[in-house]
Structures are given as C-alpha cells and as structure tokens.
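Per-chain numbering from 1; labels A, B and C assigned in written order.
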Amino acid sequence: MIADLALQGVQMALVLLLAPLLTGFVRTLKARLLRRRGPPLLQPYRDLWRLLGKEAIVADSASWLFRAAPYLVFAATWVAAALVPTYATGLIFSWSGDLIAITALLGLARFAQTLAGLDVGTSFGAIGTSRELMIASMAEPAMIMIAFIVSLVAGSTQLSAIAAVMLTYEIGLRVSLAMALIALIIVALAENARIPVDNPATHLELTMVHEAMVLEYSGRHLAMIDLASSVKLLLYASLLACLFAPLGLAPLGSGLAAHLVGLAAYGAKVTGIGVMLAVFETSIAKMRVFRVPGFLGAALMLGFLGTILLFVSRSL
Amino acid sequence: MHGLAFDIAHMLAGFLVLTSFMMLYQDRLSALINALAIQAAVLGASVAWQAVIQEAPHLYITALLALVFKAVVIPMALRRIIRQLGIHREIETVGGTGLTMLAGIGLVALALQVVLPVTAGSDAVAREDIALALSVVLLGLLMMVTRRNAVSQVVGFMSLENGIVLAATGARGMPLVVEISVAFSVLIAFIVVGIFLFRIRERFDTVDVQALDRFRGERR
Amino acid sequence: MTALALLGGCILALLGTAGLGALIAQRRGAGARVYGLCLAITAVATLAALASLAAPAEVAAYPIFMPGLGLHLRLDPLAAVFLVIVDLGAAGASLYALGYAAHEKEPRRVLPFYPAFLAAMNLVVLADDAYAFLFGWELMSLASWALVMAHHREAGNARAGYIYIVMASLGTLALIGGFGVLAAGAGGFASAGGGFDFAAMRAAHPGVAQGGIALALVLIGAGSKAGLAPLHVWLPLAHPAAPSHVSALMSGVMTKVAIYGFIRVVFDLLGPAEWWWAMPVLLLGGITAALGVLHALMERDLKRLLACSTIENIGIIFLALGLALAFRANAMPTAAALALTAGLFHAFNHMLFKSVLFFGAGAVLGATGLRDIERLGGLIHRMPVSSAAFLVASMAIAALPPLNGFASEWLLFQAIFISPELPQWGLKIMVPAVGTLLALAAALVAACFVRAYGILYLGRPRGPEAATARETDRYSLAAMIALCALAVLAGLLPGVVIDALAPAVHALAGARMPAQSGGAWLTLVPIADRNSSYNGLMIGLFLALVGLGSAALIHRLAGRRTRRARLWDCGYPGLGPTSQYSAASLSQPLRRVLGAVVFASSERVDMPDPGALRPAGIVKTIHDPAWEGLFAPIGIAVSYAAGKLNHLQFMTIRRYLGAVFVLLVALLLLVGVSG
C-alpha cells in the first residue's frame, strides 16, 4: 500500500518535473534543426520561475472565473497525467479513471480554458476560443474512437491493463492499431497546439489559437497555464509510449532493477518522441484554419474505420 | 486462433484500404500519385505474402509486376503527363473530402456486410482479403465518381484494379495467365487513357471532364 | 397506508390544487399557495417513490373510469424510478416558481394547469391499463399545451402551440394504435377488460409482425413526445414558449415520461425482443443526438438552445435503450443491464441539470427581459449565484468529470465497448457508427455550452439590460442550488444511484450491474470481469486537492500580488463591448464545417452598392432538414388534398345521406363476410 502510493507519487512528481524539460528539448532541437542556437534546455523552468515572481495583472472586466481557471486547467491536466503510466504499470490511482476519463479531464481543462478566453470580453480571446472549440469538437471524438480501438483489442479501457495486454504480444499485428496510432498522433498534434494545427511560437494575431486564448494572462496565472501545457505534451508522449511502445514498462510489484530499466526506457521513448516532433514540426508548414477539420476528420475516420475492422475481425 | 500468417495478411490488406482512403483525402495531384505508388507497393507486399503462405511461387511474379509497373512505371508516367500537360495541381471534388470519406466508410461497411456473412465457413484469410478487396474496388469507383479531373479518374481506376488483384490472389488457385492478362489489360487501358488525355487537352484546353459534358450538351 | 395509495392520494391532491388554482387565481398570494401546495405534495410523492424503489410491485384496481375495465394502478421499481424523476423535478420547479410567481402577469392562465400537468405525469407513470395511461397522456399534453399558450400574445407562441397540439395528437394517435395492437394480441375484446389492462398484455406475447408494428407505433408516439428526430420540430418551439418553470418541467420531466412510456411498452409489455428492433432505435437515437446539439450550436435564443440540447440528450437515452434492446434480444443480460442503467441514469441526470439550466434562463429572462444571448453578456458580475449554478449545470451536461453527466455517459461508452460480442452483422456495423455519433455529440455539447455560458455570463455587457441586471430571488436560487447539489452528489457517488436503479433494471433486463456500494473506495465497476473502473469521488477529491493546493502553494510562495488594469487585447484596449465576439461568430467555424453538411448553411457578404446608405452585413442561411424535408411537404400535401376535397362541403342533403347509407351498407357487408 505504502509502496504503491509512493510509486504513484513518484510518477506524478516525475511528470511535473520532466514536463518543462520536454518542452525545452523540443524547442532547442527545433532551433538547432533550423541552424539557430536556440534557448538553453532549461529555459522553460526559468520562464516559469520568472513568471511566478511577477505580479499578476488582471483586466477590469475579468470575473472570478478568469482567476480560477488557470488552477483548474492545471489540476485537470495533472490529474489526467496521473492516470497515464509513465515507466511502471499498476498505478494505484489508475483504477479511478480510464482512457475515457482522461479524455474528459482534458475536456474539463479545455472547458475552463475556453471560458477564460471569453471572460475578459476581447475579440482575440474569443477568436482563440472559437477555433479551439472547432478543433476540440473534431479531436475529442477521434480520441474516443482511439479508446474504442485499444479497448476492443485489450478488453479494457484501463491504461495499466491495456499496457499489460500490449506487452504480451498475443494481439499480433493489427492494422486497426496502426490506424489508432496515426489517429492518436494527429490528435496529439492538435491538442497540444503544434504545427500543422497551431503554432506554439506564433503571436501573429490571425493565426494563433492557443496563444490567443491566454493573451490576457500574466504572472502566476500564465505560469500555471504554461506548466499545464507542458504537462499535457508529456501526457500525450507518455500515452503514445504506453499504448504503442510499452516495452520496458515495469510491471506491478517488480523489483528495483525493473524500475530502473523502466525509467531508462521511458527516458529513451520520450526523447525519441521529442525528436520526432521537432523534426516533423520543422519539415511541415502550418495549415490554414479551415484545412484543420479535414486533417482531424481524417483522424476521426481512421478511428472509425479501425473500429469497424476490429468489430469484423474479432468475429472471424 | 489466428497465426502470424493471418495477422500479416490482414494488416497488409488493411493498409491497402488505408491507402485508398489516403487517396480520397488528397487534394493535390502529385500527392495523389504518391499515394497510388504506396498502394501499389503495399499490394506487391501483400501478394508476395500470399505467395509465401500459399506456397505458390507464381504469385511472386504478380508481386513483381505490381511493384515494377504500378509502383514505379505508372506513377512516373502519370507525373510526366502532368508535367507535359501543365495540369492544374489541385483536384476539384464533387462534394467535400469529408463527405467523400464518410461515403467511403459507408462503402467499407457495406462491403464487409455483404462479403463476410456469405463466405462464412471458408478460409479466414480469403474472407478477409475478399472483403477488403471489395472495399478497395468500391473506393476506387467512388474516387472515379467524385473527382472531376481526368488524371485522378485514371488513378481511381488503377486503385480499383489493385483491389481486383488483391481479390484474385486471395483466392487460391488463380492461374498465372489470368493475372498476367489482367496486368497487361490494365497497362493497355493506361496507354489508351494517356493518349485520350492528350486528346482532351488538345481539344478543350483542360482535362476537367466537365468539358466533355459540356461538349455533349449536358451542361450542369 | 401503502405507498401506492399515498401516491394515488397525491394525484388527487394535485387535481384538487388545480381546482383551487382555478378558483383563487386572481387573488393576491394565489401563486404562493398553489406552488407551495404543489411543492409539499410532490415532496411527499418523491419520498414515497424513493421508499418503494426496491419494494415488490404493488397493484390496485378501482371501479371508476371505464366500465368493465376500471382503473388499474401499479407501482413497480420502474414506475418508482420515474416517479422520483417526475416528482423531484416537479418539486424543484415548484420551489423555483414560488419566487417566479411574482413576475407572472396572467396567473389565471398558469395556476390551474400547472398542478393538473403534474397530476397527469404522475398518472401516466402509475397507470396499469391502456385507458388510464392514455387519459393521463392526453391530460399531460393538454395541460402543457395550455401552459405553452399562457403567453399566447407574444410573437410566435400561438404558432408554437398549434404545432405542438398537432404533434401531440399525432403521438397519441400512434399510441392508441400501438395499444390496440397489443390488446388484440392479449385476447382482444373477448376477454374481460378487452385486453386493455397491462397485466393481460404482459401475459400475452405478440408475434414478430405484431410486435414490430407496436414498436413502430410506440416509437412514433413516445418519440414525438420525447423529441426524437425527425419528430422533434415542435420541441424547440413549444418548450421555450411556456413560463420558465414549465419549460424546465417539459424539457426535464415530460420528455422522461415519454421515455417511460417507451420503456414500459417495449421492455415490459412486448415481451421477448427481436434483435432488429434495436436497429431503428439505435439509428434514430444517434441521429437525434448529433442533430439536436448541432441545432443548439446555431441557436441564439437561450431557451430554444436549451430545448435543442434536450433533443440531444433524448437521443443519448434512446441510444442506450437501443443498445439494451439489442443485448436483451441476444440473451446478454449483464450487458443489457449496463446499457439500461446508463439510459435511466442519464434520464435522471438530465432532469437535474436541464432544470437548473432552465431556471437560470428564467432568472436571466426575469432580470433582463431578454432571451436573445446576443444582447446579453457579463452577467457573472451581476448575478453571481445563479451564474455559478448555471456553470455547474453546464459542466454536468457537457459530461465533464467529476459531475453526473460524465458518469452516465461513461457507462454508455462501456456498454458500447462490449457490443462487438453481438452476433448480428447489422448491429456490429451499426453500433460503432452510432458510437461515433455519440462521441461527436458529446464533444459538441461542450462547445455549445462554452458558447452559451461565455456569451451570456462572461465578457462585457452588450446592452443596457445586461448592464443593469439584478440577481434573482431566494426561492429560485434555492431551487437551483438544491438541484445542482444533487447533480454534484450523483456525480461523486454514482454507485448510490446505480444501486438504486438496480431493482428496476433487474426486472426489465433480467440481470443487474454489480453492486457498487461494496466496492473499494466506492469505485464504479460496470461489469465484474472487465478491467474498467471509474471513481468520481476520487477524481473529484483529487481535482479539488490539486487545484486548491496549487493555488494556496503559489499564493504562499510566490505571493498574491494582483493589479487590476485595463484589458490588454493585444494592444487595442480602447474598443467597446460591441467589438466582442457574438454567439454567431463564436460558432462560425463549426457552422462552416458541420453546418454546411447538415443544414446546407451558407453565408454571403451583403455589400451595398457604392453610394447606398445602408450598412454592409453578412447574411447567413440555415435549412432545417427535418422541417424542409418532411413536414413542409406533408403540409403542402395536406393543403392540396384539402383543396381537392373542398367540394364535399357543397353537396346536397340527399347526397350526404347517400354517402352515409353506402358506408353503412359497406360496413355491414364487411361484418357479414368476415363474421
């Protein structure tokens, strides 16, 4: 019991501590790929620290919701992240929520974030909200279809259980899983406001989505939102690793050696995903806003197609 | 109950359907032709795998034909045609891509619904292959119906033919002669269509097949 | 005194209150007395129904009403579940109405009908024969129609009432046909009572064809009342036209009575199900869910928006019922229990949060006189308590954890996950398709309520009405807070609700979900041998802990210095409130992406000619597929036929008599030949 709790605590702390590092890593790597020097690897930590120290400026027309939203966004994102196994399965907290609950918790974070974008009453906040709602209403069903696929394969929506099934190699090669992987990558790009859906580095008024919503934030509020964004990126990286590359995950009740192996494997997996993300983002251009539904629609269709194929092949 | 053989055959056939959807999703000609090349390569792999599990060496020839002609020669030729004709790069669709893909999924569901119940009791690999092959054929037809550009209609036709080859190799005991003749008939068809394209272009200064409708007096 | 007698007494008391309302309507304080009595009676009825949730079925017959048939009442677990929904919703609405009554300009058009409406809904749920059921059903329709027409001079209300009464008549007609088919199967007119009591119908099992016809008729009858597509067109017109507490009742409660009717007939009276019965229910449910929320996303009238969202939730419930039918037909009782529990749970949840939302809309309407959200905004500053309640209800309806809407939708998703085990190919392909529709609807609801809440309560006021609004009265706030608290509790402790639903589910599905109260830490387990679980309490606690903890930590470590300043707006702070996004512009991307497909929506910039002195504008058009594709052609056909038949009115007496005579002879011939 105590050990389980400790394991859960360690994983949650790990996610929180590692998240800005992944963001910084991707940023630095992207800069290097463009032959720039780029910010130092630890810059996100410094940014957070700097923001925390500043006073928060709140617009006159803002309500309590505007000030509460950053904490709610952070809490929902971190709780969702606590449900995703990072380097070991069998999290004690993981039975209180499954893949659907993770999707819904991220939906809760988005609900708070989009409302905060509308709260001050500016057109920039609303343009971000409006676009985010469009993106989310395509990405969320795609995510649920992915949950369909993996749960049909693994017989459970619980991430620890899915990872355990995926580790056994009994499922063989399945085209539906490949479809789910592609769909999840598309969803992850959209949800984390990455190129080609959104550009995390832009502050050009007409193209920004996520940045437009948080335009009015400053100080500690902005720090919470930035931290939540980093945690979300790491969450999706962990999710991809846990679902489609569970190799090296320390199973429930294993010894210290297995945990060390799991940690090393997790580090390698997250690094690999970061490298792929940076390469992908530097090699592709941002889409027009109204091309995004087609892109996400493709993810939704992939999920649907994969589900139908699974429904069929299960009964052969 | 299924071994690795089934898994791999299933996965390759599924990828074939996936590449059909990739084609439906594209709105640029060059990307469309790339998708066709990928589909042909997947088809080659799928046929080769059938050769392995059916222990039918003549299928290797079919696979090689698919790989050489469909994955390399035809895409190259199509690209050449596009370059020579200077065709507009974007594809005009009837209805949006989203609707087309939705219709495509409906067709896949229909194909599964039709094939799987009637083939109950036969070999699992063959069932799967025939069901998915029918999907690929229907998607190719859908592509031909919903695209206005003549080149993309050709691509749809090629993809349709890929589906036929998949079905043919999935069923055991298909003689080699049939496959070679199918492959050659497609090649002839391709040449005919290629010449046809040049003719349309000369005559109407476009490869949008709507021009032909207008010529026949079927103005939309 | 038994629970059934107590509940029957409650119906009589409500009818008496209706009479009292008619007598004293014009006096001062009449509203307080009538609503106070309704609150007391429905509270008693709620308690009685709660107490009989797990009790064995209780029947009673009285020699009144129809000669030879009498009046049969029955209180079984299913009826108890729906009585809780009806009476709890009614108690909430009555409490709200205590405060609302002061605003009512024409109490005599409301007070007599409101208690009658409540009595009718109770009677429908308790009825155990077709006559009592249909009598209650018609009384419910007529009383609610009278309430819809309460403000009949306001624009559009008369048309709404007309369309409502036409659709309600159509629904009742279909139900009469459905019960006729069932009664014929149950011995017909030869048996005592004509086979019209439910016990006889339950004992007889109709054949496949008869069952199919009965199902189709009940689907039309109950579906039109519940708002199932394509019979939903009256709902966004009629529900908003009524006073707000009645809107809440119609949306939150009356649609549930319709669902009760569907469940009672299809799951209870029809007997063993055919698998293909599930197909139309699933398909219509999925389409209704997606269509309803898309309508809601395009709406700018607050109460119509809420009514459209009701359509969406009805779709979700029917989807669950369709799944339960499919599982039951294939002898998968545990799966059927899961799906049915999800449906009933969602019905309960929808009653809670939709009532709060309509109360909130009523509060806004009372404070500003407006239902058009485009002219409101910034109300969170003026109406802090009701805005908070509206927020909680919005989060619940958007299926966000840890609230109750998520718990029931999670159960439904779990039911969909086990559907590949269904043997029929049609269902195998249908279920993932409607699952996609459900997922899409669930995501769009969140967008819809972000839009509604954001435009209504957030931002800066868009007009003088919003800038001077006042918080609503104490009774209304108490009703909103009470139902919100229940919604939160049902979300944190879904196991309690599921266990309470278990007896009703067991009676209909032949099995029940695993007992939830025994699970460790109150974790929700849908099916014992599957490895999925959800714990609302844990998630809720954890969210609160992390959110409050991080806020406290940061305030302590990093300071809580805050400065109020003018808004930044990327460097353009001087723009007025009219520069804000409107509701229409907020949903423009979604309208362009999805509306273009479903509603054939289009937008066009209307640019005046040079020199013309009128503003440029954007013209958007939306087509309702159900209205234009189904009802408008029917209307044209009816008026065409009426025109053709017009000359029947100008015949001579002799011809009229001749026609009657010919018909009489023909009927006699028919009897003679067939007998």
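Everything that follows uses one rule, which is that a residue touches a chain if its C-beta (ideal position, glycine included) is under 8 Å from a C-beta of that chain, and two chains touch if they have at least 3 such contacts.
All of these numbers come straight from a predicted model, not from anything done at the bench.
Peer 1: Please state whether B-C or A-B has more C-beta contact pairs across its interface.
Peer 2: So, comparing the two chain pairs, more contacts are at A-B.
Peer 1: Quick one: which chain's Cα centre is the longest way from subunit C's?
Peer 2: The chain farthest from subunit C, judged by C-alpha centres, is B.
Peer 1: Can you work out the whole-Å distance between the CA centroids of subunit A and subunit B?
Peer 2: 36
Peer 1: Would you kindly tell me how far, in whole Å, the mean C-alpha position of subunit C lies from that of subunit B?
Peer 2: That pair's centroid distance is 48 Å.
Peer 1: Going through subunit A residue by residue, note those that touch at least 2 other chains and give them in order.
Peer 2: Those would be 293, 304, 308, 312.
Peer 1: So which stretches of subunit C touch two or more other chains?
Peer 2: 429, 433
Peer 1: Two or more other chains touching the same residue: where does that happen in subunit B?
Peer 2: 96, 98, 109, 112, 116
Peer 1: Which bits of subunit B are touching subunit C when the two form their complex?
Peer 2: My answer: residues 96, 98-99, 109, 112-113, 116-117.
Peer 1: Contact residues on subunit A for subunit C in the complex?
Peer 2: Per the touch definition, subunit A meets subunit C at residues 52-53, 55-65, 67, 71-72, 74-76, 78-79, 82, 93, 95-98, 100-101, 104-105, 107-108, 110-111, 114-115, 117-124, 126-127, 129-131, 133-134, 136-141, 144-145, 147-148, 151-152, 155-158, 161, 205, 215-216, 219-220, 223-224, 289-290, 293, 300, 303-304, 307-308, 310-312, 314-315.
Peer 1: Residues of subunit A touching subunit B in their complex?
Peer 2: 172-176, 178-179, 293-294, 297-298, 301-302, 304-305, 308-309, 312-313, 316
Peer 1: Could you pull out which subunit B residues touch subunit A in their complex?
Peer 2: The contact residues of subunit B facing subunit A are 2, 4, 7-8, 10-11, 13-15, 17-18, 21, 25, 96-98, 101-102, 104-105, 108-109, 112, 116, 124, 127-128, 131.
Peer 1: Under the touch definition given earlier, write down the residues of subunit C that touch subunit A in their complex.
Peer 2: Against subunit A, subunit C makes touches at 377-378, 380-381, 391, 395, 398-401, 406, 410, 413-414, 416-417, 420, 423, 428-429, 431-433, 435-436, 439-440, 442-444, 446-447, 450-451, 453-455, 458-460, 521, 523, 530-535, 538-539, 542-544, 546-548, 550-551, 554, 557-559, 561-570, 575, 577, 579-581, 585-590, 592-593.
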